[in-house]
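Sending over a structure as C-alpha cells; questions will come in a sec.
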Amino acid sequence: MALAIGVDVGGTKIAAGVVDEWGKIVAQLRQPTPAGSSDEVASTIAAMAQQLADEHGATSIGIGAAGFVDEDRAQVVFAPNLAWRNEPLKARIEQATGIPTVVENDANAAGWAENRFGAAQDARSAVVLTIGTGVGGAIINNNQLVRGANGFAGELGHFIIRPGGRRCGCGLRGCWERYGSGSALVLEARELASVAPHRAERLLELAGGNPLQVQGHHISQAAREGDPAALDCFETLGDWIGRGMAVIDAILDPDVFVLAGGVAEAGDLLREPVLKSFHKRLTAQGYRDAPHVRLATLGNDAGLIGAADLSRVAETA
Amino acid sequence: MALAIGVDVGGTKIAAGVVDEWGKIVAQLRQPTPAGSSDEVASTIAAMAQQLADEHGATSIGIGAAGFVDEDRAQVVFAPNLAWRNEPLKARIEQATGIPTVVENDANAAGWAENRFGAAQDARSAVVLTIGTGVGGAIINNNQLVRGANGFAGELGHFIIRPGGRRCGCGLRGCWERYGSGSALVLEARELASVAPHRAERLLELAGGNPLQVQGHHISQAAREGDPAALDCFETLGDWIGRGMAVIDAILDPDVFVLAGGVAEAGDLLREPVLKSFHKRLTAQGYRDAPHVRLATLGNDAGLIGAADLSRVAETA
Amino acid sequence: MALAIGVDVGGTKIAAGVVDEWGKIVAQLRQPTPAGSSDEVASTIAAMAQQLADEHGATSIGIGAAGFVDEDRAQVVFAPNLAWRNEPLKARIEQATGIPTVVENDANAAGWAENRFGAAQDARSAVVLTIGTGVGGAIINNNQLVRGANGFAGELGHFIIRPGGRRCGCGLRGCWERYGSGSALVLEARELASVAPHRAERLLELAGGNPLQVQGHHISQAAREGDPAALDCFETLGDWIGRGMAVIDAILDPDVFVLAGGVAEAGDLLREPVLKSFHKRLTAQGYRDAPHVRLATLGNDAGLIGAADLSRVAETA
Amino acid sequence: MALAIGVDVGGTKIAAGVVDEWGKIVAQLRQPTPAGSSDEVASTIAAMAQQLADEHGATSIGIGAAGFVDEDRAQVVFAPNLAWRNEPLKARIEQATGIPTVVENDANAAGWAENRFGAAQDARSAVVLTIGTGVGGAIINNNQLVRGANGFAGELGHFIIRPGGRRCGCGLRGCWERYGSGSALVLEARELASVAPHRAERLLELAGGNPLQVQGHHISQAAREGDPAALDCFETLGDWIGRGMAVIDAILDPDVFVLAGGVAEAGDLLREPVLKSFHKRLTAQGYRDAPHVRLATLGNDAGLIGAADLSRVAETA
C-alpha cells in the first residue's frame, strides 16, 4: 500500500501527515511555524517529514503552501505570509530526506483533495472555492489541475465583478474577493452596524458596542441565532459569491462547485443565498443541467491530503 | 505521412479538406449546405469525406459544427442553424465511410488549430476568442481542450459583464457577447449615428443615410479611412473585449489570447483598444508577465484544420 | 373675464387658442408649421394670435416652443426643430399684434398647465415629466417654475443614471432619457425581438417580421392585448423611469409627480411599473409620505393652456 | 438698522448672535447644549436670545437646527441629535421672548447665508453642499429656498448614485452621501491602508499603525504634505462629489455650486478633483456656461447668519 506524506504550511502552524491511497490520514504531526528565517521553516518541514517517513514509510512528499509556485512545482516564488522569495523548497526537502517532493499552491492542493476524496469525487471537472479572508480556489478539468501560465489559474478572487468598486491588494478595484470573502462579510456587517445600529443590536452586543469590532464569528453566531441583520449580511455575501460563480460557470462549465474555506463552515447559511443568486444568473438554463454546489467535506485536512496525493501523481507520471 | 480529413459545417456552406500532420491543407472541397432535412446534410458530409478519402487516403475524419456536442463527441445535441437535434453524426459518417470519426464544436476545433499550428502554437495554455456575431471560443490547458461538463466550456460569450444590461438570447442580461461582439459594434455605431448624426457623417453616407442600415463592413471601412466616429466605436468594442479578457485571464492565466473570428479581421484597429483596456485590468501586475494577445493566423480554415487534427488525436489516444 | 392667448409651436404644426382664467380653451386654431424661414413661422404665429385676439379679445400672449428660451423669456436661443437661433420672438409678436407676449419652453408651459389646472392642481411643488422620444419636464416649486441659470432646469432627461451606458445626443453616455423614454422602449423591444424572437412573436407580427421595424405603437398595442414580451418592455421602461424619479425626489421632494407626454398615454401600463420601481428607491421611507404619481390630464392641450396662463402671470407680476 | 438674532443649535453647542442686515455678526454667545431633556434645550435657547435682545435689540429670531422642520417653520419634527420629536420650538421661544421666531433646517440656513452674504451672493440660483459626515445642502431658486413637500428638498445626500452600493442609514443602498462625504473619505483611506499598507505608510504612521484608526484629519494632513495615498483618496472623493453635482446640475441648472461643511475646508485639495469629475459629466457642454463651483466663505457662522436673515425675511413677508 503506497503511502505519501502531505504537508500544509500555514503562516502560524505546519501540519504534516501520512496519507494512504484512499485519502485517509494514517498519522499526523503539528508544529507552530517558526517565526525566524525561511531556512528554519524548510528545516522544520524536512524534520517533520523525515519523522513520519521513518515511522510509516512513504514514497513521496507533497507540500502545499500559500503562495505562488513555479511551473515545475519546485520553488515557492512568493509567499506573502512566509517570507519566501524563490525558495527552492523541492530541492531542500529532497536533499534532507531523499524522498521525491513536489510543491503546490495550498488552495490547489485542497481543491485536488476535494476532487479526489471529498465533495467532488464523482466529478471530472470541478471548481473548488476557498472562501476565507480572500477568495482562492482550484480548477480541475478532466481530472487535472488547471495551473495556468504563471500558476495563477484558480486564483479566482481577482476578476473584476464591480467596476470602480472596493480597492484590492492586487492593485485593481472591484475584485471578486473584495465582495465574496469573509472580509467582505465583516465589512458588510460593520457598515450595517454603523449606519443602522437599531437594526444591528445583536451584532453590536456581541462586538461590545463598537461597530468596528464586529468579527466574522459574531456574524456567524448571530446568524445561527436567527438574527435578521446577520442573515442579511450572509444574504449579501451569498449574492456576490453566486454572481462570481456564474461567471466562472459560463467560462468553465464544471460538474461541481465546492464551497470550502473558513466561511463555508457556515454551511447552509451561506449555501442557500449562494444558490439563489447563482441560479438566477446561469446561462442557457433549460438547455443543460445546473452544476452541483456542495459544501467541502474534508475541512482543514484538505490541503495536507491533497498535497500528499499530488506527490503520488507526480511520482507515477 | 498520416492524413486526416477535416469538415467545417456551417449554416450556408460545408468545407472539407485533407490535412497533414503539420496542419497543411492538401486538398479541399466546398459545397452549399443542403437546405432540406438533417439527413441530407449528413449524406453530403459523408460523400465529401469519401471523395477526399478515395483520392488522398485518410485515417480519420473530424467534423466541426456550430452547436453543442456531447461528451463522447459523437452526437450534435443541438445546432441552431442546422436543424440538428441529438444527431448521431459520428455513427452516420462512420457507417457511410468506414473511417473513424469525431465531432467537435466548431469554435473548439478552430481554437485547437490556432494552438497547434497558428497564433498560439508555442503556448501550453491558450484562450482563443472567436468574435463574430457573438463571442465564442476555445480554452486550451496543458495542450488539452477544456470541454466542461456539458461541452459549454469555452462558450465564453455568456458571463455577465454588465448587470442589468442588454438582453441576450441565452435568457440573461448583460452577457459579454452583447458588448464584445460584432453585433455590439454595429449597435454602437447605429446608436452614435442616431443620436449624433453630425459626428457620424461618413458612417451615414456609407449606410445610405439610414442609421439602422449601418453594417459592420461600413464601420471597418470608415475606421480604416481614419473616421473618428468609426474609430470611437472600435474603441468601445475593444474596451469591452479587454474587460472580458481580463476576467478570463484572472481565472485561467493562459500564455496567450488569440483574437479570431470575423471581427478580428480588423486587425490592429481592434487589437490596440483591446490591449489598452486589457492591460489596465490585469491583476497582480508586476508579479507576472501579461499574456500575449495575438491575431489569429489561420483565418477561415482554422475550423477544418482543427477538426482534422482532433480526429487524429482521438485516433491515437 | 381675462382671456389670454396660448400658442404651442411644434415642428409640424402650430396650435393657438384663447384660454380663460380657469384653463378652459374658448377657441382654437391649427396650422401646419411653415417649412421655410424662421420669419415665416413668426409671421404665422402673429397672424393666428391676431385673428384670435380680434375675435375674442385677449390681454396677453404666451408662446411655448420646443427649445431653449432666454432668461427674460423674450428670445428662443436655440430650437432644434425650428431653425431658430436667438430668435427675438417676443419683440416680433408684440410688434405685430400690440399685445404683451412671453415665450416659454414648451415642456415648462405644459408642466405649468398641469400644476395650475391639471393633475397637480392641488400641489405647491410638482415635477411634470414629459416622456416622449426623450424626457423633458418642468419643476414647480412653491407655485413657481424653476428655470435655472440657463433655462435648463427641468430638462430632466440628462442626468447620468447609467455610467458608461447608451450614448446620448447631449454628448454624454447613460443619460436618463436614453433609458426612460419612448425611444428606450423601442430599443428594448427591438433588442428582445432580435435576440429572442420566439418570445416576441406578437411584436414581430405587428412589425412585419422585422425586429428593426418594431415601433412604439406596436408595443403599446401588444401590451394592451396582454402580450408578455410587450409588458416586459414596459416593465423595463417603468423600472428606469422610477429610478430616475427617485433621484429627483431625493433632491426636490415634490408633492406630486405627473407623467405626461406620448408615452404616458399608455396609462397604468406605464404607471404601475413606475410605481413599483419608484417606491423601492425612496429615501427615508416611513418618515414621510411618498409623493403622488399621477397621469397627466390635459393631454396635448397642456402646452397651449400653460403658455396662455404664464403670459397672464407675467402681465400681473 | 434692523437687527435679527440667529441661533445655531448643534448636538454639542448652541451659538447665538445678533446679525445686521449685511450679514455681519454684531454680538455672539456660545453655550454647551444641555444634555438633559428637550425642554432644557429650548429654555437655554430662549435665555440666550433674550440676553442678546436685551443688550442689542432685535426684531426677530431665527433658529437653525439639524433636523426636519415642518412646513410652517414652527416645529422641529425630528432631530436625530437633540431628542426633539414634534417640538413646538417657535411657540416656546415666542412665548418666552415675545419676539417673532422662525425655525429652519440648519443646512438650509447655512446655504441661505452663503447665497445672501457669502460665496453665492451674486447668484439667483445656487446649490450649497454641506459635506461633513454626510451630505446635506440647500437649494436656492430665484432667491428663494426650495423646501419641498416635506422639507426634504436640499437633503441632497440621498439619491442613489451607486445601485447596490454601500448601505445608508436612510434604508437604501448606494446613496450619494455614502460616496461623497467625509465618512466616505475615511472609508476609502482605511480600505487603502488595509489592502495596500505599503502604499499608505504615512497614513498608517499618523494612525498609530492601525488602518481602522485612520481619521479624516490624518488624511487631510497627509494630503497637504503631498502624500500620494491621501491625494488618491481625495481624488476618489472628488470624483464621486463631481458625479453627484452633475446629476443635480442637470436637474436644477444653478448659477453656482458652493462646497461647504467640514470636508470643504480641505479647499483646493477637494475642489480640484471635484471640478475634474464634474466637468466631464456636464450635459450640453458648449451650449451653455458651466456653473461656478466655489468654496464656502462663511465657515461655521453660516448657520447662525442664515437663520437670523431668514427670520427677517419672514417678518417682512
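By written order: A, B, C and D. Residues from 1 in each chain.
Keep this in mind: a residue touches a chain if its C-beta (ideal position, glycine included) is under 8 Å from a C-beta of that chain, and two chains touch if they have at least 3 such contacts.
Just so you know, these numbers come straight off a predicted model, no measurement behind them.
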Please state, in steps, how far subunit C lies from subunit A along the shortest route of touching chains.
2
For the identical-sequence pair subunit B and subunit C, what's the CA-based rotation angle in degrees, nearest 5?
180
Same-residue or different-residue interface between subunit C and subunit D, half as cut-off
same
When the C-alpha atoms of subunit A and subunit D are each averaged to a single point, how far apart are the two points in Å?
47
Taking the mean of the C-alpha atoms as each chain's centre, how many Å separate subunit C from subunit D?
34
Report the inter-chain centroid distance for subunit B and subunit D in whole angstrom, where each centroid is the mean of the CA atoms.
57
Interface hub residues of subunit A, defined as touching at least two other chains
168, 171
When you check every pair of chains, which ones turn out to touch?
A-B, A-D, B-C, C-D
For the complex, give me every residue of subunit A touching subunit D.
166-169, 171, 178, 188, 191-192, 195-196, 212
Contacts from subunit A onto subunit B in the complex sit at residues 68, 78, 123-125, 139, 141-142, 144, 146-156, 158-160, 163, 168, 170-172, 175, 243, 246-248, 250-255, 281-289, 291
